[in-house]
């Protein structure tokens, strides 16, 4: 449905220039609002990468962004627009949280894979429903996934506030019971290296998932089929690749990536499911995927960029005194300028002659 | 039975459908011209804020509505600039502008109204009281006392339907969304047409925002549109990219939303449904309606595709 | 005649795209009231030259004079203003709009309200004047290609064009439609219009044109008067060599491979597309399926492949009923398919040549093992097939979308023919291809026949059908009216059958399925 | 055309500046508004002679502009900064994942007191407070909870609790009195309430409110509903209109911004409303009878003060009617004297322990 006009793999020059241009524009905005842009960006950098601890926190934010980004990207590759990564993440979290708390005494070797599976499956089923509705009933996946995002939020309200997953909790935080120790993803950074780091094994899972994403799409028959459906649905159909089946499969895979993100937030970070949990990752994921041109390395880099903004933006507020809304505005400008990369390309074009295809 | 089809539920349906319908109408205009504008949510939000802001500063309702519409148009113009002139990724640009609108309105609201809130004395959009319907059963309760914007929306639906399918500019707009190159070879200015369509979508969405702030709430609060721009996009698809269809889709959604309120506390066979699950009704109802009645819909052929004229 | 100022005079036109010199010092002179054929192989520069005339491209060098005055044509609007109109090969029509709306679009005349009745009346008037038939209130998406082309002509006439450029106008037309088109073209000449016809089909050049300009590799190759030349002369100028003779036909049919009986299937719009088809194709035999486009040929091909569900009837391939199989299973039974529209159905354009070669075979040896692709095998086979099927450039990693039409079709053939299929269903396999590529496709199909493959050849090119087929079936309105041995299938007879005249069969020879 | 593009590109930016200048240019509407517009800038003490106490405030995901809970906490911070000569800073949390690093950031930078606003941070506070035993922490509406969810008090954490049911009870007394006596537009002897979502800090308000109504005026009909949302005004308004159509004429909101819609319904239909958390009299004078106050600003201020005077008390600290931690807000002119008297009497009763408002909802 959409062709990346530009691949990160062709060289990072243009995205990098875009980001710089955007930062200048954002700095202008900060300056107009009466703050010092240098201080602001210094705080941004320090907040994102200033210390091993900050880096570990940035990575922690990058994990769900990366996974939901992969979720959106894999669907894009098959020509579907998955706006539902947020909902799929939540279903994955609920499923993982339920399994992890249901049998808290199981040893890690049993419970952790079980929780992992539950998270992935939960997301996959939820995503698969959108794929199935599209394949069987022709329901536009954009509608279904938008509606699913809202639905799961209210279902979670119920589950955690006065439904079956509600935990008798001290002060009324709507949350589930904690998962068993066996379901916890261990912290992988020793305390003497980075004190009080929360960086858990989920980071490795996310990297593994990125490799899996690449391997699936470019090294397996299924991935080939998904890309073929995405780029030439009718050609794929006549060659015996049923696009409808692939729609269900790819939405399930997309849901699986997002569900894994939810599971990692539960097993790695919170050790339970909270109401109003991990808000917004699935929406940022759309931008993460598109910015990364739906390519593995691109998605990793753009997830890191967004995570850096998220963490660094906090320090722009606490240290440089810049309203968090201004930080949002700067973030939006960066995103916007990167979207309009043709501006940068137009400038770049002066130094090179584009080769035009001849009919 | 009243909780299902009573006047109160119907009135609530219309109220809740209106902002969604306005966003969906904006979507219809822009996508019919071939530009995807998911910044409608942001356009609504700036409309909501600047409507209140101008109402506060000028004390004039027309000025407030004008300011809101201009704000929506300006935000849409940025999207048009990116999508049409720079052929940017329309989804990313739209996302960026949504974030921008959220940040901007929250920032300004905080700077201007953080402790006191927006003044309670600002002029609001009045309701239209239909006296002659006062004693009409159901109908009187349902439409006898609706905001002027509700009626304006209805008028816009009719006008927009006529515009798209019964006028020359409407014909041109549709041709640009279906086959821009064909339109271009016939001397129709594709970019200008798309600019106008995107700007109009911003204006319509902003009117939806004004409805929320100056008709429903009488004030602004952060992110008060709460995703209605996105629901509007779904309604646009459900309504098959036609104004009348979009209104119908918005009404389905609004009805579900109204039920989620009216069914609170209602017991079925002695069991009360959890209020949280009632809130899922509009979303489930929409998906079911699409799956059950609509099936495959055809989007404008060049929707979302940047157009580059030939001629080097 | 030589004293009269030419209506179009292009001198020394050059155009370069990056590395490629598309046009080098090309001249073109066209006189008023002429039908002027501009011929050449694909890539010879015909379309580029006309795009320059129409203002879509700007020439690097050279001058263009219209009616003797030097013209600077910066865009289609300038061209339209000068009375130049272009009927594009890929129609520039808006499918959901009506015929009349498409004709007047951009120049609707009258107020801002769309006066449907008024514009339909105006279009009807125009149709009457030029003898063009098209229902003004029909939607473009509902009418066949032939009618769509008439709409393109109407659009140009509506804008008062004096010079009409037709870019490969017959590529998608049936023989009847071609005849109709030429009739229209002659009417246009009678009305004093000038026609420039881009084509590579010599029959058409001879049939309709007054003058011929031949381009080869971006240069002038010949300027001829039609009545004083021969097809062979033009062909030599185009290709730069003599054409090959098509190999002798008539194979030695073996067992029945494809057996269709009582096949009924719905169309996309719900009505019946196939109404009880009986047809057989034997091993080592080519059965040509002739008929005016839209009479169910494509639906029949889709049913055989499993892309369309049959409502009744049996389809046997090698004795096994495949009527309810999906394409995946049908193909496993040795059915190959050369689809009608290679760019949409045949190929995944953004994929590489090698990737397109494995489409449909991506899950089996040697290309994959246990669901995992074997990149080395894919590349090796890709390189081998690219060479074997003469894909140029023979680079397995190049994007298929960047290849010429002929080379794209070679990729399709490479994929479909490389695994010795039992049955080939080829739907319009040479549509839009130049002479050399068409020759190539024909040779390959004949090779397959000699190998013992059964071939169902669907084509709207009667010459192609008659040159290649052992037997010829004619379809009309979802039925097969007759199956004739090639020797009995004269052009007249086929033409009448294609128009639905069953009596043309005489004694119904060879109507039995096999 | 190019100039038009340029115009568009900068139009939004200009729009912001104009709006911003407009705010600054006109006379500041009130001192507190002026103070809040400076809120984003941390005041760095100009002289670094004596080590100033540093206080960091971390909001929950509601953000500073929630016009209730977080905004009140921030108000307390600003008041403390002004009166107590401390150096302060604030960080808004955007997602749940941010709580730990936001608290850690202040702790790492050597802040003396780090305040976590909201019960969502119980576990985050526990984690960070254990990591930084020399930094003092305070958490509003909660106590540090370990990973299993069990409360574990820490020697460096003050738990700041409110008795919302007492505030709910006080406004309930006013509502009940007016309903019973059919004062003004309250003619149907029906009162109602709307929560955001049914969680204890919300339900405690409603419980106290209903308890008061049942006690003062047993004949009064009580309705309750939820908007299932803290953001959406339109949904809150629908619940309000639904309640009003069921003859309700005093509406008590406990639903953040969504509740503003509930008040808007009352205003539109000419009935009464009651605000929550902050004093919401300004929202709709003549409609808002009073507000159930939860003085988060006082809790923050007092805690900062305690740190400066070395009287910081770890463990549970209750803010209730007894220490003016909760109360009722500005009374509208329509509230009759007997209602005020009844409320004051109830306040005294609560302070003296004679009245203990219920903290579970009876009418769902």
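Some points to look at:
Per-chain residue numbering starts at 1, and chain names A, B, C and D are given in the order in which the chains are listed.
One rule holds in what follows: contacts are C-beta pairs under 8 Å (C-beta built on N, C-alpha and C of every residue); 3 or more make two chains touch, one makes a residue touch a chain.
Predicted, not measured: the structure shown is a model, and the values here were computed from it.
Counted by C-beta pairs in contact, the busier of A-D and A-C is A-D. Per-chain Cα centroids separate chain A from chain D by 33 Å. Mean C-alpha position of chain C lies 73 Å from that of chain D.
A separation of 46 Å divides the Cα centre of chain A from that of chain C. Chain centres here are Cα means. That of chain B falls 46 Å from that of chain C. Those residues of chain B in touch with two or more other chains are numbered 78, 81, 100, 104, 106-107, 110, 276, 279, 312. Each of residues 154, 157, 161-162, 323, 356 in chain A touches at least two other chains. Across the assembly, chain D contributes 16, 20, 63-64, 197-198, 228 as residues in contact with two or more other chains. Looking at which chains touch one another, you get A-B, A-C, A-D, B-C, B-D. Residues of chain B that touch chain D in their complex: 8, 11-12, 15-16, 19, 50, 53, 57, 71, 74-75, 77-78, 80-81, 85, 100, 104, 106-117, 120, 127, 212, 216-219, 221-224, 226, 257-258, 260-262, 264-265, 272, 275-276, 278-279.
Residues 28-29, 32-33, 47, 51, 53-54, 57, 60-61, 64, 154, 157, 161-162, 167, 169-175, 177-178, 195-196, 198, 265, 269-272, 274-281, 310-311, 313-315, 317-319, 321-324 of chain A touch chain D in their complex.
Interface residues of chain C, counted against chain A in their complex, comprise 17-20, 22, 43, 47-48, 305, 307, 326-332, 337, 339, 344-351, 355, 358-360, 362-363, 367-368, 371-373, 375, 402.
Partner chain A is touched in their complex by these residues of chain D: 13, 16-17, 20, 40-42, 56, 61, 63-64, 89-92, 94-98, 100-102, 104-106, 108, 119-120, 122-123, 127-128, 131, 141-143, 145, 147-151, 197-201, 228.
Against chain B, the residues of chain A that register as touching in their complex are 1-2, 5, 83, 133, 137-140, 142-144, 146-148, 150-151, 154-155, 157-158, 161-163, 283, 286-287, 290-291, 323, 325-329, 331-333, 335-336, 338-343, 346, 356.
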